[in-house]
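First subunit A sits with subunit B, and in the next complex the same chain sits with subunit C.
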Partner chain A sequence: MRRHGFVAGFLLLPVLLYAVFVISPYVQAFQIALTDWRGVSAGLDFVGLDNFQRMFGNEAFWQALRNHLVLLVTMPLATVSLALLFAYLLNAAGGSRGGTMTGVKGSGFYRVVFFLPQVLAVAVVGVLFKAVYRPDSSGVINGALVRLGGEPVGWLTDQRLALWSIIAVMVWQAVGFYVVLFSAGMAAIPKDIFEAASLDGAGRARMFFSVTLPLLWETVQVGWIYLGIAAFDGFALVNVLSMEQGGPDGATTVLATEIYKNAFGYSRFGYASALGVALFFLTLTFAALTMRVTRRERIVY
Partner chain B sequence: MSPTRRDVLRGLGLAALATPLAACVTAGRDAAPGPTASAAATSANNPLGVDAARRLEVVIFSGGNGDKYAVDLHEAAYRKAYPQAEIKHVATQKVGTQLRPRFIAGDVPDVVNNSGPEALDLQSLVQEGHLADLTPLFEAPSLAFPDKKVKDTLVGGAYENSLIDGVPRVLQYTVAHRALWYNAKLFEAKGWSVPRTWAEFNALGEEAKKAGITLFAYPGQVGPFYQLWNLIYSAAKIGGNKVIIDIDNLADGAWTAEPVRQAVAAWAQIQKDYGDKAYFGLDHTQTQVKHLQDKVLFYPCGSWLENEMAKDRPDTFEYAIAPVPSITSADALPYEAIMIGVSEAFFVAAKGKNPQGGLEYLRMMLSKEGARGYTEMTKNLTIVNGLVDGLQLTSAVNSAAKAQEAAGKNTITDARFETWYKELFDYGQTQTNSVMAGRTTPDQFCANMQKKADELKADSSIAKQTRSV
Partner chain C sequence: MGRKVFGGFSQAVLAVWALLIIAPLIWTLLASFKSNGEIFGDALQLPGELRWDNWVRAWERASVGRYLLNTVVVVFFGVAGTMLLSSMAAYVLARFKFPGNRLIYFLFVSGMAFPVFLALVPLFFVVDGLGLLNTHVGLILVYIAYSLPFTVFFLTSFFRGLPDAVAEAAMIDGASYTRTFFQVMLPMAKPGMVSLTIFNVLGQWNQYLLPLVLLPGDKSNWVITQGIADISTIAGYEADWPALFAALSMTVLPVVVAYIFFQRHIQSGLTSGAVK
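Right, the complex of A and B next:
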């Protein structure tokens, strides 16, 4: 009992802070979602499920949901595949030297390069890519295209390209972190397993799919969930990069953008909270589903 | 991953925390009565009943015009008149973020310059009874012209624009002229004249094309509303101001009316024939720089443009304003008609500690020193008539003044759904980009806008506004 008291003493403050600053806003968001609160006074009326009814009838909500679905499938897939590839190249693809696996030449340098986007603030990344995607010949990509005799492309103004352009930025920004994460995971795999596989004549590809990936599975799973949750975000990049904050024609809108517009643009805090509640359940459902679907027998080494 | 989103959620959470919400959810709307400040006795020198010793808090949006004018002119005047009163000056770029929690908690400043990207939604403030009735101010004697009431010293439309639900609640302080801006020096050098008809506009487009200049561009990324304004004002030119009044009143078929369709079709065709799709992805600053580089001939904007671009403007560029060319030969308004509108909103908090002082502060802003000084300092004309004689004005303001003279009574009214129904206005911006880029037809534009307007009309949670003039 004394030991429990000791532990509880340490936990009390953080739990209290968590309850006040995380749990209670969530609970209040659920409450506000059932009201017509306008955000400028303490007065509000209870309106039942009106906000949710409005939400399900709103095209912008469904559009945001569709965009989240695309993000959810492509963004983690691209990021994890690239990160795995790079991590493998950096750590194990250089072949065996002196009994240990090494990365390709200059891997130390690449490690820094890959991680660099991670230390940039999202707003900086946004501004950076605004210049990269600029639709006239002053843009980084379009400038090159024009010099090669091509036509400038509306990366963010063409409704078929806009979402993909933003996904590319998200992947670019996230890959570095997962390279480091997977590298750490690979470093934890005992070297003798690689050595044994190598002696048995496994090539690089075989080594990756039959040895590295299965032993790295839990790390990949964690990464997948993180990225999935990130796919429910996207607010800052969409806000800075897209036209009309989520355009053209809603092609890049996400739930957080809709929440922001409704709360701070139209003073519909009740409706915005209803969107927030929807986002909460979507994220939760996604995390639970991913955990279930990707569950495998744990490999102990 | 994104701190901004977290800020949003935290903002939501904290704002909620600031209220004892657990009680409020059931407490209902009339839970928190605001403090009411009693007025002092009125006199000829003090028509609004200001308590000389009471503290006054002023919140100024520190944007393009800065906040120095408030400190040096208006607060100085107040301090001079009431030396015992303490004045608290707050400059901010985030009016909403900073003031929203204070309105909830009941600790409100007295005067607020509600401008900028985070301006508070006036409609919901009125619904919660936060905005003071400005009638005493408008009825009080003017400081600029002592024999007149304040109301009678202002340009036409200024008083009408202060009305929300028929009661004056918000003072729009500056006057801006909105039409097409061009480089007068370039026109002189090329020997071009400003087009008066749509045919001349097209002909000039061909000439400009040969010279490698885009006839017309608006910023699609940030600021498609410049073009939405342009579409609406063009429609008013064809069909008269009734077109805009109908739109504001959410009248049936206001958007599907023929003048709107004609205006949208005409502009979409200009974009198709002489435009450059790159501008859909540029923001207003980037586009305005291109304009200054003579890559764009006409740019739709207001008379604040020159001030905004003062640092980048080369000597070869002289801003001048041109009315939108007449689209049909049977337009209801003549070619000279331009839009003259008011902006820079100020309001007095009804539940503040010193509403009388707030009204007096606004009266001082409308005094001779206050208004003329403001024009001198920020190069913006104010709504007070007849105070600018002998002032050094910029070429843009001079050009606008001339255009105003030419227009005479033929001014295009401002579209108020911009603040009344912000949701409709924002939707209009996305639809403008869509129709200008050719993703939707003008007919679809009209139908989509009408659908959205009808939805708002049927939505009982949004308070409705009407106007007759």
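Right, the complex of A and C next:
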């Protein structure tokens, strides 16, 4: 009896909080998505799939999806490639000393610096890069460009460049985390595998693609899923950094900013929830697909 | 490619990336001492003098101090609550058999997979309905609730790995279940608790979306990420850019110092969270 009281007592508060603030909103979201609720009436008017129909007919939705697609392909690809390169240079570029691979000089310093953006708030990073990207010569990048004799570029005001400028910030912030993650993975690979490959005459590139990368594959896969899920968010950066929260002219809009605008800007709660449901299924589909596509035989060492 | 050449190439690549990370931060710090004229002039020029009045203005007029204090309060209680409630739930889920154990565990863990944006609209109305909109208590409770899935998941596996013998010995010595947990098992879980505390401090300190939705009203309640985003907008109207950069520096500096101090723990804490 005492035991039951203890179990119940310990679970009561966490389960209560979780049920009220997490489970119930998620369940309600699916219900609200089927209504035309605008927050004024107490009752919910059930409208079936109207919101979804409207969503599919809305150019802003498709624009956001296109942006997510670009993000989904380029952001993880750039981040993982750079992180793999840096991690390899940090861990193995010092050449072999006494048979073991060593990192370059100062690798401790690089590790600390590279990880730094990870601890800065995304919203703060957004404000910071707003200044870095300023369209006249008072921006950091344009200031440097002008000095080199170039013309200032509208990083965030040019429709063709805005999304790429934001992706660059995402990569800037994310790389360090994956450098540390991949470094840990590389450190776990037994040294004699490298030695054997080295004796067989494998060069650095060969060593990386034939030994390091396959043995690191599971860690890379985990990283890819995290980045993919991050590519479905992007809210803080787009909201703070872009012109008119998703501009110019929808060039940087994402589902998250659409949800926020529709809900808290225009009080279209039913429609915003429908967008949330779409985001939910996209995220799930992505995670399931990635796991399937990247599944490989596990290498045991 | 010879070893020397490759080593030089590596150094160059790594140094360029390090510069890309440090330069914007240094530039922000320098800009916090510039005058408005200097800020709109050549971006690569140093400030003419150290204008501390920019910092004073940011602290007083832009209420950076207020925002920082609010954030400290919210994150302190948010993380303390998260760690207390998560460890209690995880301990019971990991080490006690009772009907519904798997269901509750599954419900907690499934929370990791769902995007917060799906819950956003109903969450706003739940918090509003409880009368907690625009209050720190409301934000703290929501932070705890949304930190539970990951923290419970991680701690459950940690508590499962602890040996049974110690808990049994404590019980035989007459300690109650509660006492066994707080005085014996919780201290044994310290490494996991430290990692997760760091993880949650960073996550809650950097949160932007939830405050934006749940503290939309009175500015004096705002947290720092909201405040900075707002100052950035205001700087545009009032043309007080130096104060914006001073505010940014004030926000970034303590984080950078704390990071350099604890970087080993932070890196291992964050990455162990990601791999497991």
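By definition in this document, the second predicted complex is superposed on the first by the 275 of 301 C-alpha atoms of A that agree within 3 Å, B and C clash if a C-alpha of one lies under 4 Å from a C-alpha of the other, contacts with A are read in each partner's own complex, and residues count from 1 in each chain.
One rule holds for everything that comes next: contacts are C-beta pairs under 8 Å (C-beta built on N, C-alpha and C of every residue); 3 or more make two chains touch, one makes a residue touch a chain.
Keep in mind that what you see is a predicted model, and the values were worked out from it rather than measured.
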Dominant toucher of subunit A (residue count), subunit B or subunit C: C
Partner chain in contact with A:F46 - subunit B first, subunit C second, else both or neither: first
Contacts of A:T35 with subunit B and subunit C, given as first, second, both or neither: first
Touched partner set for A:V122, first subunit B, second subunit C, both or neither: both
Which superposed partner A:G234 touches (first subunit B, second subunit C, both, neither): first
Which superposed partner A:L289 touches (first subunit B, second subunit C, both, neither): neither
Partner chain(s) touched by A:F21 [first = subunit B, second = subunit C, both, neither]: both
First, second, both or neither for A:F280, with subunit B first and subunit C second: second
A:A256 touches, of subunit B and subunit C: first, second, both or neither? both
Which of subunit B and subunit C A:A187 touches, first, second, both or neither: neither
Residues of subunit A contacting subunit B in one complex and subunit C in the other: 20-21, 24-26, 28-29, 32, 39, 121-123, 134, 136, 233, 235-236, 239, 256, 259-260, 263-264, 269, 272-273, 276
Parts of subunit B lying in touch with subunit A, wherever the complex brings them together: 1-5, 8-10, 12-17, 19-21, 24-32, 96, 100, 103-104, 106, 118, 120-121, 123-125, 127-128, 130, 220-222, 224, 276-282, 286, 422-423, 426, 429-430, 433-434, 437, 439, 461
Subunit A partner contacts - residues on subunit C that touch it in the complex: 1, 3, 6-7, 10-11, 13-14, 17-18, 20-25, 27-28, 31, 39-44, 85-86, 88-89, 91-93, 96, 98, 104, 107-108, 111, 113-115, 117-127, 130, 141-142, 144-146, 148-149, 152, 176-178, 181, 202, 205-206, 208-209, 212-213, 216, 224-226, 228-229, 231-232, 244-245, 248, 251-252, 255-256, 259-260, 263, 266-267, 270-271, 274-275
Subunit A residues touching subunit C - in the complex, by the definition given at the top: 2-4, 6-7, 9-11, 13-15, 17-18, 20-26, 28-29, 32, 39, 82, 85-86, 89-90, 93-95, 104-106, 109-124, 126-132, 134, 136-140, 142-144, 147, 172, 175-177, 180-181, 184, 204, 219, 222, 226, 232-233, 235-236, 239-240, 255-256, 259-260, 263-264, 269, 272-273, 275-277, 279-280, 283-284, 287
Complex contacts: residues of subunit A adjacent to subunit B: 20-21, 24-26, 28-29, 31-32, 34-36, 38-46, 50, 121-123, 133-136, 152, 154-157, 159, 174, 230, 233-237, 239, 243-244, 247-250, 256, 259-261, 263-269, 272-273, 276
